[in-house]
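In what comes next, subunit A is part of two complexes: it sits with subunit B in the first one and with subunit C in the second one.
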Partner chain A sequence: MATILVAEDDAHISRVVSMWLTQKGHRVLEAHNGVRALEMLRGGTIDILISDVNMPVMNGIDLVIIACREKLVGTGVILLSSRADQAGIRQALAGLKVTLRPKPFSPSGLARDVERMLADQSVAAE
Partner chain B sequence: MSGWMPIWLAAAGLLSAIGWLGWRRFGRRVPAEPIERIGRQLSRVPAEIAGDLRRLQLDDAADELARGWNMLLEAVAAAREELEELRLGRHARETLERYQARWMTDLVARMPYGLITVSDDWTITYANAAAERMLHAGSGGLKDRSLRDLIRNDLSPFHPGRGIALDRTFELKTAEASVRLTSLAARDDAECGETVFFLHDVSQQKAVERERSQFLYHVTHELRTPLTNIRAYAETLSEGVLKDEAMLRECYNVIVGETQRLSRLVEDILSLSQMEAGAARLTMDDVNTARLVRQVVEDMQAQADDKGVELILSLPAKMPTIRGDKDRLAVLLTNLVGNAIKYTPSRGRVEVRAEDDGQRFRVEVRDTGIGIAPEDQPRVFEKFYRSADERVAQQPGTGLGLALAMEIARAHGGTIELSSTPGEGTIFTAILPVGRLAAVRT
Partner chain C sequence: MPSSELLDIQADASPEVPATPRGLLEELLGLEVGVFSRDAVEPGATCRRLCMAGGGAGRLDGACALIRLAASEAAVAGGGVPRICDRGFAVSVHEGEVSNRRVVLLQRSGAGLGGGLSIGQLRAAARLCEQYERQADESRGLVAEVLSGYEQLNVIFEVTQQFGRARDAAEVKHFLVRRLAESLNCDWGVCLSEADGVLWWSSDPRVDRDRCVADVRGRYAGLVAEVFSQQSIVARNADSGAGPEGARLLFCPLAGSDDRTDLVVFSRRAERSDFTSGEMRMVDSVLQHGQQVIFNLRLSDRLRTMAYGAVRALVSAIEKKDDYTCGHSGRVGLLSRLIGEEMQLPPEQLQDLEWAGLLHDVGKIGIPDGVLTKPGALTPEEFDQIKGHVRMSYDIVAPIEAFASVRDVVLYHHEVPDGSGYPQGLRGEEIPLLARIVHVADTFDALTSTRSYRQAFPIARALEIMRREKGTKLDGEVVEAFERALKRYQAAHPDAFHTLFQHALEEAPS
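Right after this comes the complex of A and B.
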């Protein structure tokens, strides 16, 4: 079981991601903007951050950059973004270990990403 | 002595006659010079002398030489006339050429297309008025300035010279503008040195392109959220992840809701682009404004009730009939009233009032909502513009409602005015002309 923070301003998307990951036995926290997500990252131990790019107050790219710099995420970061924006995002996040998943995404695919990340982590730890 | 006078005169006359006859005899004995040679010489005789020679015509028609002489004289006169004509012709041609050259220079200087000539080191050697304007030259003009100092882009890959073909858009240093430079292909016999460039101001085109790509960017982003939800919830249902009846129902509701949102978005985008392109056909009719406003408010009542917002309608006893597209005017009012309800917290109030002064019909939608910050007010009618305010971001919306409402108002020769105090509320007033005289775009 891992603690996963979902930073997404659309309540429905946040809810469905949360639904799937809870079903898989994880503990899921939700934040509806970047600043709230950053507060939650700083406030507790988060294994995986799943973030949207377009969010009010602070966008997902800034959030991920701060989270990586301050080492606020234990296992990995998944950024949900449009396919068209990916080149620009890759450039902005150069050097950071971030998985990009294009929207619209498949929740089962996202759940598999999370499982893979956790498996890689445990292999590395052994 | 005077007695001798007649004798002297007679002797002089006789001597003259003898002399004359002698001259004729001698003349007859002159070996015949080649006629061409005389002609050649005569052709060199200046006009004045040719005139004098003419006076020396020999009248003895029977004499061969005299005939030849006279013929030559005629030829000289004709040649002279021809020469004169040629001289006059050249003058006229030169005048015409000079005039044409001046006409061309003037045309190039005044034409609305920019033209510059540039030397090998990018120094501008000539610029017409349009080029000065397009390159934002200022009072100093362009002559002797380097093109490199005017253009933001690096010009080094395109050194001017013979055979350099350049057709590119450049950004200016002198102003926020873009200019397309097209080099004129050098003539085959041209020496390396100057290149002629045509200039075309593409700033407006660039701005339109930017706006269009921004619009597309927004559209795709707005489409993505409902699509993401539909896909995610449909997959959730099909995978059988959920067993709970209430959660299953929630999934169905989200799919239905997001599908509606998607179709509303597509419809708004279509209507807006049609209105903007002027392609929308308005079905003009007599519109009973009382019925129109009442209908919109009735339709919005459920939304207001859900939100816990009081929706009040106050109409005067007499309402005008206006010319307009009833359905589109309903969209205009629905968007204004819908916005008011959306941004008014529960227990707030939205009031719809109408009035007319015989010239203009005004519908006022006043709310006690969150208000619009002064910096957002000039931009709320822009497509996809949504305030950064979190309370706005929390509300569903495409950012197209007000843009569409404004387009509809304008298409009817009207407008929408806005006044708002953050924290107190907002008043949107749709103003539409009454009567047939309105400038209506159909």
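Right after this comes the complex of A and C.
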């Protein structure tokens, strides 16, 4: 239903997120660092971006800030963050509309986030 | 002999797309691969019919073979004698573990079976596909385990956070039901508890709660008894007697600290799926943890009650010096709390009010008996001594860290809005809210009690007097909240109310 880009440098976590969302019926693409993710965002129509924070070359926060600024993501952005640093991250994102999901993420919660973003999108479109 | 040339083999340009056996077979052997789902294949199907049905369809001129995919060694060894159809050879169709029949059709374009494709090659191709499918299955299984673990961790984190926030066991149990039902994608969940009643959650408000609960108690009574005696989780899936309209049910025991076991039941619609053993393990783990949290909550509750009881006993001892103030502090504590509830203050402040009420006059222990119980008017010096009790109460309470937020309330409980109070003559909002509340409660109890210098006023009269003091000697908002709270308390607990205020002659507030 949605085209989702997962930006995560840990291949195993990336796999897990990918397989879970594919199971839920979405089309999932993977990128292993912020720069590659940005390339893919600029290249195609990504509905939802799910990004980790710590990645080599470009981290998740910078990625999200640029993606929002250039309006590269159609439907929503989710940041997978460490449980401890929520406040710091929120401050860094200063007012951007990003959903934070603490790690390890709750699969049911992540699926719900995606559903909610798609639902909001279709409501807004009406 | 040709000179050895080193060929420069370019690494695959698109590393993100994993090479599949299909892709490899196509490259290596020039085979076209089609995969059929269960519905397209019946037992005994021949490859000729499949060739015509699709997925490499219509290539009657190509050699083709149906390769069986086996999920286990036994199945590989067990059967599947190759049958040669008129266009190639076929192995019988097999039922896989998860997605049932998977059949791979390998077709050599443009060539007959004799034209270069050996049975050995086909067998090797078959093994390659098998391996891949087996690994993909394993991968899926491992990912499912990981996801289940993640979900479990999240639920456990959240349950533990509840310990700090929840006021009682019922809140934690309700949270467990809701959170697990959400994780399991259920339609409804319920906890049936002797102590806490029916704690229900449903994703759809239209679900008939009473019917579901009646079902559990009636139809499944025997199963429930078994769940309690075995202390283990039981699932009712499609094969084992699912519920109405095929709903999948999960029955779980939740042990209480008082040796009673609660029952937690989850229900999921038929179209979703059976409860898996992985899910049952997760539920078990989370409920165990929840039990611990509930137990700790009960423990901390018990400690608090004990502490309160001890202080109450000591305060009683102080009150014994003066026949007229027996029970006064306890009542002020209760009334202050009721006002706080009426004003919707947070739980910590309600606690503070109760303690402040209990402790507000503790300083009276420093006042000579003669002054405390003097029937006549007090001299200015005697009056100063009485006023000193607030400072003394403060000094007694101050060293106790746990009562840090209670200190000021105790010190300022005789301050009044118009600034004519003591010890500092604060005005209006300068006086902490909790102190203003205790002052109102204290005033009411004083008016409705018989003292050495006058009789008790009946409640209605006392309230009348208090209304007249709104804004001057009593905070107006607090008085109004107090009247509502008192009415509410009387309606909800008429016996307790009567017992507490029987010393106030007759009339109750209308």
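Remarks
In this text, the second predicted complex is superposed on the first by the 126 of 126 C-alpha atoms of A that agree within 3 Å, B and C clash if a C-alpha of one lies under 4 Å from a C-alpha of the other, contacts with A are read in each partner's own complex, and residues count from 1 in each chain.
In the analysis below, a contact is a pair of C-beta atoms (placed from the backbone, for glycine too) under 8 Å apart; a residue touches a chain by one contact, two chains touch by 3 or more.
What you are looking at is a predicted structure, and each value in this text was computed from that prediction instead of being measured.
Per the definitions stated earlier, placing subunit B and subunit C onto a shared subunit A by superposition produces a clash between them.
In the overlay built on the shared chain, the residue A:Arg90 is in contact with neither subunit B nor subunit C. Judged by the touch definition given at the top, the superposed model places A:Asn54 against subunit B, while subunit C stays out of reach. Between subunit B and subunit C, the partner in contact with more residues of subunit A is B. In the superposition on chain A, A:Phe105 makes contact with both subunit B and subunit C. When the shared chain is aligned, subunit B and subunit C each come close enough to touch A:Met19. In the overlay built on the shared chain, the residue A:Glu30 is in contact with subunit C alone; subunit B does not reach it. Within the three-chain superposition, the subunit C stretch that clashes with subunit B turns out to be 130-138, the only such case among 58-66, 112-120, 130-138 or 310-318.
Subunit A residues in contact with subunit B (one complex) as well as with subunit C (other complex) are 16, 19-20, 104-108. By the touch criterion given at the top, residues 9-10, 12-13, 16-17, 19-20, 23, 32-33, 54, 56-57, 82, 84, 103-108 of subunit A touch subunit B in their complex.
Looking at the complex, you find that subunit A touches subunit C at residues 15-16, 19-20, 29-30, 83, 102, 104-109. Per the touch definition, subunit C reaches subunit A in the complex via residues 16, 139-140, 143, 146-147, 149-151, 153-155, 157, 182-183, 185. Here subunit B touches subunit A in the complex through residues 217, 220-221, 224-225, 227-233, 235-236, 239, 241-242, 247, 254, 258, 388, 390, 393-394, going by the rule given at the top.
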